[in-house]
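What follows is a group of structures, each given as structure tokens.
Two complexes come next, and they have one chain in common, chain A, joined by chain B in the first and chain C in the second.
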Partner chain A sequence: MHAHLPPGITLVQADNLDTWLMDIRVLDDNPIYRNQTYRLKFVFSGSYPIEAPEVTFVKTESHPIPMHPHIYSNGIICLDLLDRQGWSPVHNVESVCMSLQSMLTGNTKNERPEGDESFVRNNRLRPRDVSFYFHDNTV
Partner chain B sequence: MDHRLDIADSTDWIGTPLAPFQSLENALRCQVCKDFYDTPMITSCSHTFCSLCIRKALTSDGKCPACRASDQASKLRRNWAVQEIVDAFQAARPAALKVAQEHGSLKEGREGRRNKLKRGFQDTNPEDQEEELSFQSRKTRSQSRRAAAAASSQEVDDIMDGEEEHQPDDGLVPCPICNTRMKEEAVYAHLDRCDGQPSSQGRSTRSRSSATTLKPPPRQSLPQQLKATTPPSERIPQLSYSILKDNALRKKLQELGIASWGPRPLLIRRHTEWVNLYNSNCDSSRPRSKRELLAELETWERTQGGSAPNAGSAPAGVMRKEFDGQAWARSNHDHFEDLIAQARKKMIPTDAAKEDQTGDHATGTTQEPPDQDMGDKSKPATVNGERNTAPNGQISGSRDNPYEGNEEALSIIRKKVEAANNGHSTRRSSTEDEDVPMANALLPSEQARAEEMQDSIEPLSAPSRRSPLSPTRKKPMFSVPEEPVEDYETETQAH
Partner chain C sequence: MSAPNSPTLGLFRSDARPGPLTIPPPNLEGTATATATATAATWSDPRQFVVGAPPNPPSPLALRALTSPSNRRATLAAPTLPLGHADSIRKRSSLPADIDLSTLDYITACDENLICPICRCPLDKPVRLACDHIFCDECLNRALEAQRNGERNCPSCRTRVHGWSEDAGKQKHKTSIPRILTQMLDELVVRCPNGKAGCKWQDKRGEVQDHVDRYCDYTLLACPESECGEVVPRKHRGKSCLHFHTKCEDCEQSVLRLDLEAHQESECPKRAKDCSKCGANIPVRELISHLSSKCPETIVSCPGSPYGCSFQSPHADLKPHTKTCPIAAMAPFLSAQQARQDTQEAQQKLLQRKVDVLEGGFSSIQSLLYTSDAGTRTPTTPLEAMSDPMLRSGSNNGAASASSTAPATENPPFDSSTEHLLFLHDSLRNEISRVENALAVLDARTTMTLLNESLRAKEEMAHTNAAINGMRMQLHWLMSARLQAQREQSGPRAGPSVGGGGAGGAAGASAPMLRPVRRSSEESRQKL
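What follows is the complex of A and B.
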């Protein structure tokens, strides 16, 4: 699988069927994300693919959390695709990575979501238990 | 070797002259489970999925996974054409891949060979790998579907030759769960109680697909087969769980012959799982026995149902399915801390008391108030022991013991008893009938008892030292006891 991934997507770690790590890069020359690689963590539940995996950005020394109005600074991603309603079992790791790639590519705002600070400070729920309000259909 | 790496995949075609077969193979795989279609069903929106996959998806959110159009399980129809194509392709695949890889290696020579080795994750050559693959598919099928396996036994034999180095040729088959080798007939019985660890193999969809979807081609053409095995029974209707009370639901599960334990949400999930399993089996052109389905439900129970490792025991039923224990622990951290601090506070005095006791024991000093209650309770036991020569350890265990778990106190008591018994047994030889006069020993003053206690604590308490201590023993030998002698300590003494 490693050799056949679309450009900009790399499999970092898939030792088990619970947690995978993927690296993604934005391919075009978007100034916000230029020369940066982001690390994604996929956590699969027992009912995957019927249920969505839990996908978050992970911060490491060489991997920052990308700036995006729908990505909180703790790595939690607000994307309907990853929510219960938006998920479909036909998606897979590759398609999720590509969606996130394109979500970053299409972004022009170098900012965090509204209320990022308080969310990061107070949120103790896991991403799938957070009820996002998908108000913005432009991204 | 990790067998999970041997699974056939569409990427096998990449790098061979038949590279376009990758997309052909992808088209023959279900988009949900990514395996070859198993009993393909077509939705009202004309998308095709495995029967079990689409049924699970529909019970989960009622929408087609591909286009998100609403649909119902009752509107699904079989897609025989796709089934036939998949069967034919799977039959042709090993040979085609072999040819493609051989052709590639001839052309590329050494270079090509190196590439293939890289791709193969193993040091066998590509043909071996291929043969192993096809053998596995036959093998899984021969376990799960005995009747069909018999029909194509010739095929199985063919493959056996290539497999000898990996599988002992002992006529046994491995259990699909725990891999224990056994007779084919024994597999089904074994599956019912197999406690292997399928969780390491992944979730039940995976194990299901690996167990059932890698099927060899049918020997007969499909229409014939359909005549031979018409779907066995009616599909189970979905229930509207909201209108059913717990007991009614439990009864439904019992009627279906599946486990009916656990809290309501688990019952609902189990019923849903069973309906999906059962109905997709009804769709199948090669239906399996109910027994096999029950074994599969058992696997589900272990991995995702009530026996799943993360489900826990009782509390799991109360919690939401997605209950996040860590978040809960974090948000209630302060409260937990308080409770722990409170518990610690209570612990400290107890510890201090224990230390007192040990100190006393070591120095042999008089017992202080903390030990007062110990003295009170253990003394009658000691006295009784003296009177009846109870065996060691018998005394402390014979009453409702307040010192259970308190090793220090227990060991003190045991020592006393031992000392008492020693003293007694020597005396006993001279004064045969001791029980009667000793009855009075029950009534010494508190003070006398305390003295006796202290005395017996001393490790060196010898019989000679003891005898003058108990005035009761000087009583006339044959005096009638004031109270009936109750020998509840030792049956042996009671004769």
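What follows is the complex of A and C.
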């Protein structure tokens, strides 16, 4: 059943309808992400797919949080696709994984978002409730 | 990486890859994905909906099956219906609600174009928007309802949807659906939703509602007794209520009257029935296993049948045959042999693959060798190279040493296999020494290149080192000049300020928290 997944994306765990774990790899030779695998956690609400799932990177011993100007070091991702406005019910786990893959592939900056440290220290909100500020659309 | 199919770009490409789970890329019209192929397997797995197992990854989208209003309607519909006119069966059997088509078990492979991009099920009451995107009516309503900012956009392409209203009666956003689409949807073959109860019906989706409403033996209907409030499958629905407990005459167990026949047919521990074949009186509980294996009248074949014995007889007559049948006597041995053969075949396949790999490697080595010493030898095919030295040593005793230039066909055939092997051995030895030479040459060449390369690198490093040293000296000079100037300036005052860095750091930490920055996929989509 995993044969349908595109390269670089693997399903790790889908025991129930609440939480899924996926692993993604960047396929081209981007030196920032070379030889690394990242783990994504999808949390689905009861009204998925009408509502967006909550998607974060998870840190484990073998899975770091990828460096990216839109990924905080606690795994929270700023991607408009994943918030209330940007989500569309035609998206699914696979398309989200592919969007993140392409977001990493296209990145050349080996850095965290501005204010990462204080955000990670102070944020107690769930990712969907963080009001992100869309001023930088260049990356 | 293989650029044409790179999935990292794939999301925004118009030629979406096959597979039932890819979504149509947003912002591109008419890009319904190519094929459906495996979808049938996905949808035809009944467990998917029964136990709420996660649907086929990566689309846990069949959730609609569990949460959709129509499904809730179906399960919550109270089976208390007013007792209609005795002759109006249709009215009284109006218990089954509209079937939620997304929960059905599809047998035919469903083309990807017939799948709703929201619920990932074959479209149910399809609705087409002005932008040409098609969704299930219910899915689209739920998706548009959830859009907060007052503007309604197509879930696939975000084109404005005009004329939508929460009130289904006032909706004006639908455009006509091509008839071929509804026909294709209606012709998908599905199983009866009562399949778990035992119905074997499977036919076109367009007829499933009719089947369930009018014909299915397993459709639950309201009990003919209006006060009862229970349901009864159509095939057991008679004139009176069957929802009372009664005692089984044989085992004295209390059984629902409705279930009595089933109980007596297969469950009652006290009841026995005559076997239809041998006539023996068998308890009904054991009847099925009796018929399949123990009944002396069941026709069975000789244990040697896989190896050629065509004898078939009732169970009872088999024993005498087995005693005399030579094939049956051999059967255990033969099956053991068969098993051994199978494992060996598997092993052989493995070895064959290994040999293939090795051969491939060998031939690539050979071709490498022949191209590397093409300068010294006239190019030969590997076969010639093999046979050439062999023939040369074959015409030994010095007499025919001139024949080394003669064509191969002129040499006499080998007298004995030993000789032949010897020649082969010789030729192989030659071959090996050639390989050795070639390797030595290659080795020397690579060593030389490596040496040259590292020498160059070393030189460059020395240059860089010198340059760095020069810069260091320059920097030192500049620094000392500056320090001198500072000292002269601040002369009487106490020492240079060292606290600057620390103060700056503290100020940085107390600065207001910067608002995080969000990435817009819209932007990148345009870029890609």
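Convention: the second predicted complex is superposed on the first by the 137 of 139 C-alpha atoms of A that agree within 3 Å, B and C clash if a C-alpha of one lies under 4 Å from a C-alpha of the other, contacts with A are read in each partner's own complex, and residues count from 1 in each chain.
Here, a residue touches a chain if its C-beta (ideal position, glycine included) is under 8 Å from a C-beta of that chain, and two chains touch if they have at least 3 such contacts.
For clarity, every value in this text was computed on a predicted model and none was experimentally measured.
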item	value
Partner chain in contact with A:M103 - chain B first, chain C second, else both or neither	second
Which superposed partner A:I50 touches (first chain B, second chain C, both, neither)	both
Which of chain B and chain C A:P64 touches, first, second, both or neither	neither
Between chain B and chain C, more extensive residue contact with chain A	C
First (chain B), second (chain C), both or neither touched by A:S88	both
First, second, both or neither for A:L79, with chain B first and chain C second	second
Chain B versus chain C as contact partner of A:H4, first or second or both or neither	both
Touching partner for A:R124 - first (chain B), second (chain C), both, neither	first
Chain B and chain C footprints on chain A, overlapping residues	1, 4, 17, 46-51, 84-85, 88-90, 92
Chain A partner contacts - residues on chain C that touch it in the complex	1, 6-12, 17, 19-24, 26, 38, 52, 54, 56-61, 63, 67, 117-120, 139, 142-143, 145-146, 148-149, 155-156, 158, 513-524, 527-528
Touch list for chain B against partner chain A, complex	9, 11, 14, 31-34, 53, 56-57, 60-61, 63, 65-66, 68, 202-206, 303-304, 308, 322, 324, 327, 330-331
Interfacial residue positions of chain A with respect to chain B in the complex	1, 3-4, 17, 46-51, 84-85, 88-90, 92, 124-126, 128-129
Chain A residues within the chain C interface of the complex	1-2, 4-9, 11, 14-17, 20, 22, 26-29, 44, 46-51, 69-70, 72, 78-81, 83-86, 88-95, 97-99, 101-103, 105-106, 113-115, 118-119, 122, 130, 132-139
